[in-house]
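First the structure, which I've put down as structure tokens, then a few questions once you've had a look.
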Amino acid sequence: MPHSSPPSPEYRYGFVDDYSEGAHPQLLQTLIETNKTQQTGYGRDALCTLARQRIQAHLGRDDVGVFFVPSGTSANAISIAACLRPHEAVIAASSAHIVTRETGAVEASGHKIIQVPPQDGKLTPQSIRRALDDNWHFPHMAKPKLVSISNATEIGTIYSRQELMAIKRLCEEEKLILFLDGARIGTALTSSKNDMTMRDILELTDLFWIGGTKNGALLGEAVVVKDATLATEFEFFVKQHGSLLAKGRIMGAQFAELFNGDLYYDLARKANGCAELLSQGIVKAGFVLDAATETNQVFAVLPLDLIQRLKDHFNFYVWEQRGEGKAVVRLVTTWATELGQVNKFIQLVQEWTIEKAKSA
Amino acid sequence: MPHSSPPSPEYRYGFVDDYSEGAHPQLLQTLIETNKTQQTGYGRDALCTLARQRIQAHLGRDDVGVFFVPSGTSANAISIAACLRPHEAVIAASSAHIVTRETGAVEASGHKIIQVPPQDGKLTPQSIRRALDDNWHFPHMAKPKLVSISNATEIGTIYSRQELMAIKRLCEEEKLILFLDGARIGTALTSSKNDMTMRDILELTDLFWIGGTKNGALLGEAVVVKDATLATEFEFFVKQHGSLLAKGRIMGAQFAELFNGDLYYDLARKANGCAELLSQGIVKAGFVLDAATETNQVFAVLPLDLIQRLKDHFNFYVWEQRGEGKAVVRLVTTWATELGQVNKFIQLVQEWTIEKAKSA
Amino acid sequence: MPHSSPPSPEYRYGFVDDYSEGAHPQLLQTLIETNKTQQTGYGRDALCTLARQRIQAHLGRDDVGVFFVPSGTSANAISIAACLRPHEAVIAASSAHIVTRETGAVEASGHKIIQVPPQDGKLTPQSIRRALDDNWHFPHMAKPKLVSISNATEIGTIYSRQELMAIKRLCEEEKLILFLDGARIGTALTSSKNDMTMRDILELTDLFWIGGTKNGALLGEAVVVKDATLATEFEFFVKQHGSLLAKGRIMGAQFAELFNGDLYYDLARKANGCAELLSQGIVKAGFVLDAATETNQVFAVLPLDLIQRLKDHFNFYVWEQRGEGKAVVRLVTTWATELGQVNKFIQLVQEWTIEKAKSA
Amino acid sequence: MPHSSPPSPEYRYGFVDDYSEGAHPQLLQTLIETNKTQQTGYGRDALCTLARQRIQAHLGRDDVGVFFVPSGTSANAISIAACLRPHEAVIAASSAHIVTRETGAVEASGHKIIQVPPQDGKLTPQSIRRALDDNWHFPHMAKPKLVSISNATEIGTIYSRQELMAIKRLCEEEKLILFLDGARIGTALTSSKNDMTMRDILELTDLFWIGGTKNGALLGEAVVVKDATLATEFEFFVKQHGSLLAKGRIMGAQFAELFNGDLYYDLARKANGCAELLSQGIVKAGFVLDAATETNQVFAVLPLDLIQRLKDHFNFYVWEQRGEGKAVVRLVTTWATELGQVNKFIQLVQEWTIEKAKSA
């Protein structure tokens, strides 16, 4: 969790988050080119249709529902509300975005979240089983019904195919719905550690979403709903939550372009590559990571005076104080990250190390 | 209410609604120009700040809260949820968008809507008083606490200053919050019948919103909150409803441009002008209107065979069957309406009339 | 609707409502006799079990769920919340208790109520069909999913078997759940106009409840759930709404006694008989009824000065002003109504008529 | 948490919970005596009025609101819903009844519960402070606004005056509402460890409730609301939650009697006394307690074969397995506990110890 308020807005190049820039130019271009055409409202337009077809083709299934919503919080809250009855609860890691960063949106739709301590940011069959074992005293306890995981996780780690299969197996045994928050699914699936495709994700979950906002779009997430009955009704929930945009084309146009060829993955790969450079540079300079750099987030433990120097040139979050004059910083990269800035950051770290070595 | 499903998507020029096109080019231009700059997330960016300043300057009050949300349904649901405690109810016309077209979003946040029959699409002090008189038996009845009106109304009529003042007076006497849905506030304030400014609206309501989606923007509505205490907390509600976009700049950029000079009103004036042309043409051809054409919506009673002929060339809603071979059609115009198409529509109507006169 | 605040508490004999007295002595006796035994909590006790068995035997079905809740509002709110998904709406008469007297409890659980003008207090297939026709524009409108009726209605009228069958047929065609608020089901099924049994009610609805509070119990309503899947989960909703009493025995004991032989119907018959006497006496004296007296409520149009005189001796609601020196009064009778008081009331009415005739 | 399903209903004397018996005879007597009188409905009757007066007199404040509701879950859910706006959260111990045993009722009204690890079942200023420190990132996090504590706690421990004052002080500094779940406030205030009066509780909290169900009543809890504005509106929330009983007299009569003289405390003292006997007997026999016996709950670590033998004669919960052939049992005593059974229980424990000693 960030240790302090968002960084000052005075301009320094930022590794603050993955939503600091606008859209990838190719997406913007499509918006511009189609701007004057008249389109049907509320997601029934030609651009949303095209985007849906491309996503379905990518998934190899033309029978899944695909719904565009404007934000990650809306994607999560709508998906969960659409799946659960009033007495049913969610199981999630205590580090999950729905627990820590969505102003109680899940609870606002009436549902309890049963929190589980994460392991490397992840749920495991063991931790889910423990949650089930602790929540059995019906009807006095809400009924665990949906497991919510994030891939990549909030600390940038990813699920392996085997890990996800094990969770899926437990969910099937226990009749739990498996939902995946894919705000950063692009960086997860292009991680050097990854062994899954998006088709695997579709197969191994009940519903999941493909993050646009954090991977090249101005806004928009695409929720993929496998169950035909739920898909038939899903649009009601989107509308009721205020997330059915009249000009749905704004999301359709962008997702049509993101899934035009490999663009979606190319952008994520670029982000991961920059993170890896940062991570390696920091490790090479002798510092320790606080979480494995598997995607586009780097969590590194740095001395406070190095952090101070870096802050003179860069904008980023100090995530957690660590005592002994150290703190964890979070560095986030994106499709738009400038390589020159990455190198400059690493150089500053290395220079500081050399200076210290000399003065020691 | 539309009599049938949305018109077929085969292409014919449309007077279907005011969200068929994308953004006004000037707004798009600003998005493009600022696209690569890094901005703080969640509405704290330079573009939202500029948009807020321009709206506040336009309103002559720098102490009001201005919040950008992606849709009309979110603007209404969030505003109402933010104002009410669990036992408090809304008074609205039975024709209000919150009653007829928002999938129960207000009820989904827990609040009853007390429906009142509209007069020309509007509430009156008398109809509000009647609602109060019918809802007095506490604590067995929900407590009426907020009056929700739309200007322009859902049938395109507008409130006069005197009408709004009378409602405000009653609201003050009865300690009711007055909320105004301004999805089409632009066309209302540029109507030839209008005698109010947006400053009047601010003065005479407790909170209201300025519609972007239906007046030139790709998406976005600006909620103006007068009460300082509510304004302090309002962002929580925006976030909880999934409406706090990470890249808030997409709405900031557009509203900054809409309130750069008179653009917002120019666009609305253009829409109203086109509607007036359509309305006059239809009346001149001998047909009756179903509601006064005060803004950008024309409701006209036409013979079914004329409607059929028009449908061969244009896309629009048949709103309501009327018996005797007639129906009400709804024609909606916007900043993007092509004058040539307006003239062609009128010409078709007049030709049909002449043919009929000859064959009679 | 009552025209004024509840009658003054100074003591005069009351025909105010059907919950002025405590419990029928036979019920109280069972409570006393079982008071010291230790019982399992939360409705798993021997008394609830016995009550369930007796109700199931009475209904001829041992596979239906029977759940005890403390109030009519909880019975309605829980039943509806348990049946609906977030985007689904209720169709009900605008005179229904859930619309007029439950402080928005249905909306508080997130659901819109589509109001329909009643005919003699009732819904009809035509009025339900009209509600469906007006609420078709999905996903912009909440989806009508449950029809809620009251028998007896809020004005004391009852459904005939044919009327209920016609509604049931429509509900089956349109896949609507049919729910019956049975706060006064006892007086309905013992009405001289009635042609149904409780088994008919079970057959012709999806879930309904048997009112205890208004028919001899201190508190408690028994919700009967036919669908096995819903019945399995129903207790969660009871608990979540705060209606699963730790000492469920208090309701079990009373319902066990009410369904011990014919007591439930005997009490209702007594109430109806008293209402019929009042009604006939009033009509015989030359006054008009405002609704047919089919159960235990009498709505009569009386002159204001007669009302004044009656008020000196009796407590009752003036329900509605009618102009010309008249008003509608509501008189409610129960299992506990004293025949002597009924006769005294009629006598006062008749004396007043005679005096007027003389003075004319 | 109970390790297994509720104990089998075959009859053995129970130390299962504090709601196994009916009402204290004196309460029942009042119900019987007033049964035939006509009373105004919905808590406006003479008995509720008397009960309110007696509670207010006991508290030394005639300006506090007193509201009767049928269950602990309703008391908690209503109190919390009445205090909070949609974005506000509760801070509670992870062992709190609202967290573990109310089927997500607080979340169902839309509010997140921030869970804090308990110390001896209690919150401390430090643990509350930690929750505040972890929930600061507004508006992305729900705003902590209400602290919920239970006295006695769910493991039978109590707050000292100093502990409660320290929490109150923090709440005032941080503008947090302090709410106290008093399901077992009677046993807390008569604990031998206690140094507070109910007036202290009133002074040191914002609202709290006095449990009837677990201290002699058939049902009912009395919520005491200090803030005049909230008290004015509180009845709406009671009604909306289905907890405003038509025959409120059933709760009024019982609370009038409980607060007639010292009865309320006498009953609680009796319960505590029995628990102390059990606790001392078990300790004397050489076994360890799992929580200090400060009120009417005894948590003891016993060998499994002793538990098995006790189970042959008594009904109670095995609360938690402990490994090494041991488990924690929970024994609950009440106003109705039979001393003979207490002695028999202790005797069985002691006999077993002696046998073991011999066979060793």
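Things to note:
Just so it is clear, A, B, C and D label the chains in written order, and each chain counts residues from 1 on its own.
Just so we're on the same page, contacts are C-beta pairs under 8 Å (C-beta built on N, C-alpha and C of every residue); 3 or more make two chains touch, one makes a residue touch a chain.
Keep in mind that what you see is a predicted model, and the values were worked out from it rather than measured.
Each chain's centre was taken as the mean of its CA atoms, and the one lying most distant from subunit C is A. Two chain pairs are in question, B-C and C-D; the one with more C-beta pairs in contact is C-D. Chain centres here are Cα averages; for subunit B and subunit C they lie 42 Å apart.
The centroid of the Cα atoms in subunit A and the matching centroid in subunit C are 52 Å apart. We define each chain's centre as the mean of its Cα atoms; on that basis subunit C and subunit D are separated by 34 Å. In subunit B, the residues that touch at least two other chains are 86-87, 102-104, 108-110, 139-140, 142, 236, 239-240, 244. Against subunit D, the residues of subunit A that register as touching in their complex are 1-2, 86-87, 89, 100-104, 107-113, 115, 134, 137, 139-142. Touching subunit D in their complex are the following residues of subunit C: 6, 9, 11, 13-14, 16-17, 19-23, 25, 28, 31-32, 34-41, 44, 46, 69-78, 102-105, 108, 213-214, 218-219, 236, 239-247, 249-250, 315, 336.
Subunit A contributes residues 42, 81-82, 85-87, 109-110, 138-140, 142-143, 233, 235-240, 244 to its touches with subunit C in the complex.
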